[in-house]
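Common to both upcoming complexes is subunit A, partnered first by subunit B, then by subunit C.
Let's turn to the complex of A and B:
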C-alpha cells in the first residue's frame, strides 16, 4: 500500500528544498560557465604558466569525486581558518566543479574555430573584443551548446550530494521526510519526479536562451 | 495408570524444587554463604564492558562489579552476557546481579528489580566550553548539529525553540566531523559519542550542556530481593559520596557525572 497522503504535511519542506536546489543550480550554472569560459580561453590562448595552472585545476577537479571536493571545502578548510556555511561551501564546490568540466567542453568549441576565421576578422579590422565575442565565442558555444546543457543538468543532479553537509536542498527534504514517516518509496519517488521536472525545465530554459543567442542563423 | 503415576510424581518433583528455591530465596545470604558473588557484565559494549588487551574484561561495569564484591568482602565471579540474555540469566538464578549498562523500562520493571543508578547514559546537547547553554530555551538562534532521524533529532524537533538552526548530518561520524572541524559548536548526541570525541581529541572534548533524554544504567537483581537491593543501594550511595563513581565515570567516559546524578 502506498501512502502519498502522508507526504502532504511536508509539502513546504519539499518546496523549500526544491527552491534551494533551483537557486543553487541557477547561480552555479551562471558562475560555472563564466569560470569555464575564462579558463577555456586561457587554456587556448594564454601563456604557458597560466595554461599550466588551468590544466592543474581542470585535471584536479575532473579526476576527484565531487563529494570529496565538497567535504574538503566544508570540513577540511576550517582547519586552515576558512569556515564557510553549508550553503557557501556547496555554492563554491558546485561552481568549481562545473567550471572544470565546462572548461574542457568550451575549449573543444574554441578548438573547432578555424584559424582562418580569426585571421579574417583581423583583416576586416575587427577589434580584439569583437573578434572574441562574435567570431570565436558565439560559434564555439553554438557547437558545444548541447554538451554544455547536459553538463549543467548533470551538476544540478549531482547537487543532491550537498544534503550531506546539511544544506536543506531537495534531497535533504526527501531524507528528512523519510526519516520522519519512514515512507521511503513515496518520498524518493516524489523527489525523483521533482528532479525530473527540474531537469526538463532547465533544458527548456537552455533551449530558449540558445534560440536567442544563436538567432543570427535563422536571420540569414 | 503407569503414565498418570509418572506424571504425578514428576509434578511433585517440580513442586518440591520450587519450594526448595523459595526456602533459599534470600540471594544476599547465598552470596555470603558461597563467599562469591556472580555478576553478569557485558563483553561487547565498551566502555561498559569489553575484553582488554590482556584478555581480561574491563570497563565501567567491570569496575563496578569489582567495587561491589570488594565492599561485600566476597570473591567476584564475572559472567559475560549479551544484552539479549542478561535478564534471563538473572531470572534463572545463574547470576546474583546484572551490571550490564542496564536501562529501566516498564517491561523490565515487571520482570526484575533495579538499584539506584550507577552510571550516566543520556542523550544531550554537548558543546564547546565557551558556548553558554544550559537549557533548551538557551538554544534560541544557535546552530546545533545532529544525526538525521536519530532520537535526539526528534527530541530537538519536538522541544527546541523554533529559532534554533538544526543542521542534520547523515550519520554520527559526519556529525562528529562537523563538530571537530568547528562547523558547529553544539551537537546533540549520546554521552558515549561525546566520550569518543574526548578520546580522539582530548583538547576538543565537548562539555555536556543539558540532557534531552536521561536513561542511566542500573544494577539489576531478581525480584523481591529486598536485602540485596538495600545492600547494593547502600554501596552505590557510598561510592557516590566518596567520589568513586565519579572516578569511574572520569576513567571510562572522560566526563564527570552529570549534575544531580543519583539524586
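Let's turn to the complex of A and C:
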C-alpha cells in the first residue's frame, strides 16, 4: 500500500530542501540570538522609552502566528517600497520571531544574576562592557541555554511554513514530490522524519556547543 | 468586480475569527483530554507505557505542526477515510497540543518533592489516594499558569489550518488580500485580531504565575 520506493528518484530534491532549511536555521539562530541579547540588555538596562519599544515588539511577535508575520513581511512590506525575495523575507521573519522569544528567555537569565555580583565587579574596577560580557552574560547564558536552544529548534520546525511563500525548503520539496508522483502520505511521512532527525541532530549539536562554551565550569 | 470597503474587510475577518476561536477551543479540549490520558499512562508504573508516552512526545514535538496536519489530511484520506480539513485540523492540533501539555504537566508534577510520595506511602495511602489528595491538588495549582500560556500557542497553531484549506482567520486574510491587493492593511488587521485574542491570555497566564508563586 505504501510505496516509498517512488521517492528514491527524488532524493536530491529532498536533500536540497533539507540544506535550505538547515542553512536558514543556522543563520537565523545566530541572528536571532544577537537580536534577542541586544533586546534583553535594553529591556534590562535601557531607558524607559527603549524598554517600552522592546516590550511592544516582544508582545506583538509572541501573540501573533508566525505565518501572519511572514505574510505581513512578504506581501505587506512591498507596498511600503521594501521589496524582498522569499528567501530574504523568511530570513527576516524567522530572525524577528526568534529574536522576540529569545529576548524573554535571555531576560530571565539576566534577572537571575544577583545584584551584588554586578556591584562587586564595579568595585573591582571592571568597566561596564567587561561586566556585561564576563559577569552578566556568560553565567546568564549558561542558565538559560537549554531553554534558548529548544526555542531555536521550535523555530526550525516552525520554518516549515516558509514553503508557503515558495522558499524551496524541506516542506516545499515534499509538496513538489507529492505533486509529481501523487504519493502524498509517503512524501510527508519521510519529510516529517527528516525534520525529526534534524531536530535531534540540532539538539546534539547545541549540547556539544554548550559543553565547549561553559567548559570553564569543569576546569574548577 | 466587487469593491471591498474597510467595513467589508473587517466584517469578513471578524466572521472568520469565529472559526479560529471554535477551532482553538475544540483543539484545546481535545488536547487536554488526550494529555490527561497520557499523564495517567506516564504516572503508572508500567515502563512500556511510559516509554510509549516519551516516544509520542518526541514524535510530536520533533516534527512541524504543518507536517502533522498534512499527514492527518492526506494520510487518512489515503487510508480510505474521507476527512475534511476541519476534522484534520482538529485531529492534528489535538495531537500536537497533548504532546506539549503532557510535558508541561510532567514538569509540574516533578517539581513536587519526592518525599511527599514517600510520606504518603508511609501513611498507608494507595497510589490513587496519593494522587487525588496529595499530588494533584498541588500540581494543578502549579500547572494552571503554563497551561493557559500554552493556549496561546494553540490559537497561533490554528493559523496553519489555512494551509490545508480550512477557512479561518488567516485563510480569509489571504483571500481578502487576493481580492483587494491591500496586503499591508489586511495582514495588519489579521495580526491585530490574533493579538487581541492572544494577549489577554498571555497576561492572564502571567498574572496566575505571580499569584501562585506568592502563595507557595
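Keep in mind that, in the parts below, the second predicted complex is superposed on the first by the 220 of 220 C-alpha atoms of A that agree within 3 Å, B and C clash if a C-alpha of one lies under 4 Å from a C-alpha of the other, contacts with A are read in each partner's own complex, and residues count from 1 in each chain.
Please note the rule applied: contacts are C-beta pairs under 8 Å (C-beta built on N, C-alpha and C of every residue); 3 or more make two chains touch, one makes a residue touch a chain.
Everything quoted here is computed from the prediction, not taken from an experiment.
Visitor: What is the contact status of A:76 with respect to subunit B (first) and subunit C (second): first, second, both, or neither?
Guide: Touch partners of A:76: subunit B and subunit C.
Visitor: Looking at subunit A, does subunit B or subunit C touch a larger number of its residues?
Guide: Answer, by number of touched residues of subunit A: C.
Visitor: Tell me which partner A:213 touches in the superposition: subunit B (first), subunit C (second), both or neither.
Guide: So A:213 meets neither subunit B nor subunit C here.
Visitor: Tell me the contact category for A:86 with respect to subunit B and subunit C: first, second, both or neither.
Guide: first
Visitor: Taking the superposition as given, does A:172 touch the first partner, subunit B, the second, subunit C, both, or neither?
Guide: Only subunit B; A:172 stays clear of subunit C.
Visitor: First (subunit B), second (subunit C), both or neither: which does A:62 touch?
Guide: In the superposition, A:62 touches subunit C alone.
Visitor: By the touch definition at the top of the document, which applies to A:164: first (subunit B), second (subunit C), both, or neither?
Guide: Both subunit B and subunit C are touched by A:164.
Visitor: Classify the contacts of A:19 with the two partner chains as first (subunit B alone), second (subunit C alone), both, or neither.
Guide: In the superposition, A:19 touches no partner, neither subunit B nor subunit C.
Visitor: Pick one for A:27: touches subunit B only (first), subunit C only (second), both, or neither.
Guide: Neither: A:27 stays clear of subunit B and subunit C.
Visitor: Starting from the residues of subunit A touching subunit B, keep only those that also touch subunit C in the other complex, and list them.
Guide: On subunit A, the overlap between the subunit B and subunit C contacts is residues 75-76, 78-79, 164.
Visitor: Which residues of subunit B touch subunit A once you look at their complex with the stated criterion?
Guide: Result: residues 145, 148-149, 153, 167-170, 174, 177-178, 181-183 of subunit B touch subunit A.
Visitor: Hey, which residues of subunit A end up touching subunit B in the complex?
Guide: 74-76, 78-79, 83, 86, 164-166, 172, 175-176, 179-180
Visitor: Considering only the defined contacts, which subunit A positions touch subunit C in the complex?
Guide: 59-60, 62-69, 71-72, 75-80, 157-161, 164, 171, 174, 178, 184-185, 188-189, 191-193, 195-196, 199-200
Visitor: Which stretch or stretches of subunit C touch subunit A in the complex?
Guide: 58-59, 62-68, 70-71, 74-75, 78, 152, 155-160, 162-163, 170, 173-174, 177, 182-184, 187-188, 190-191, 194-195, 198-199, 202
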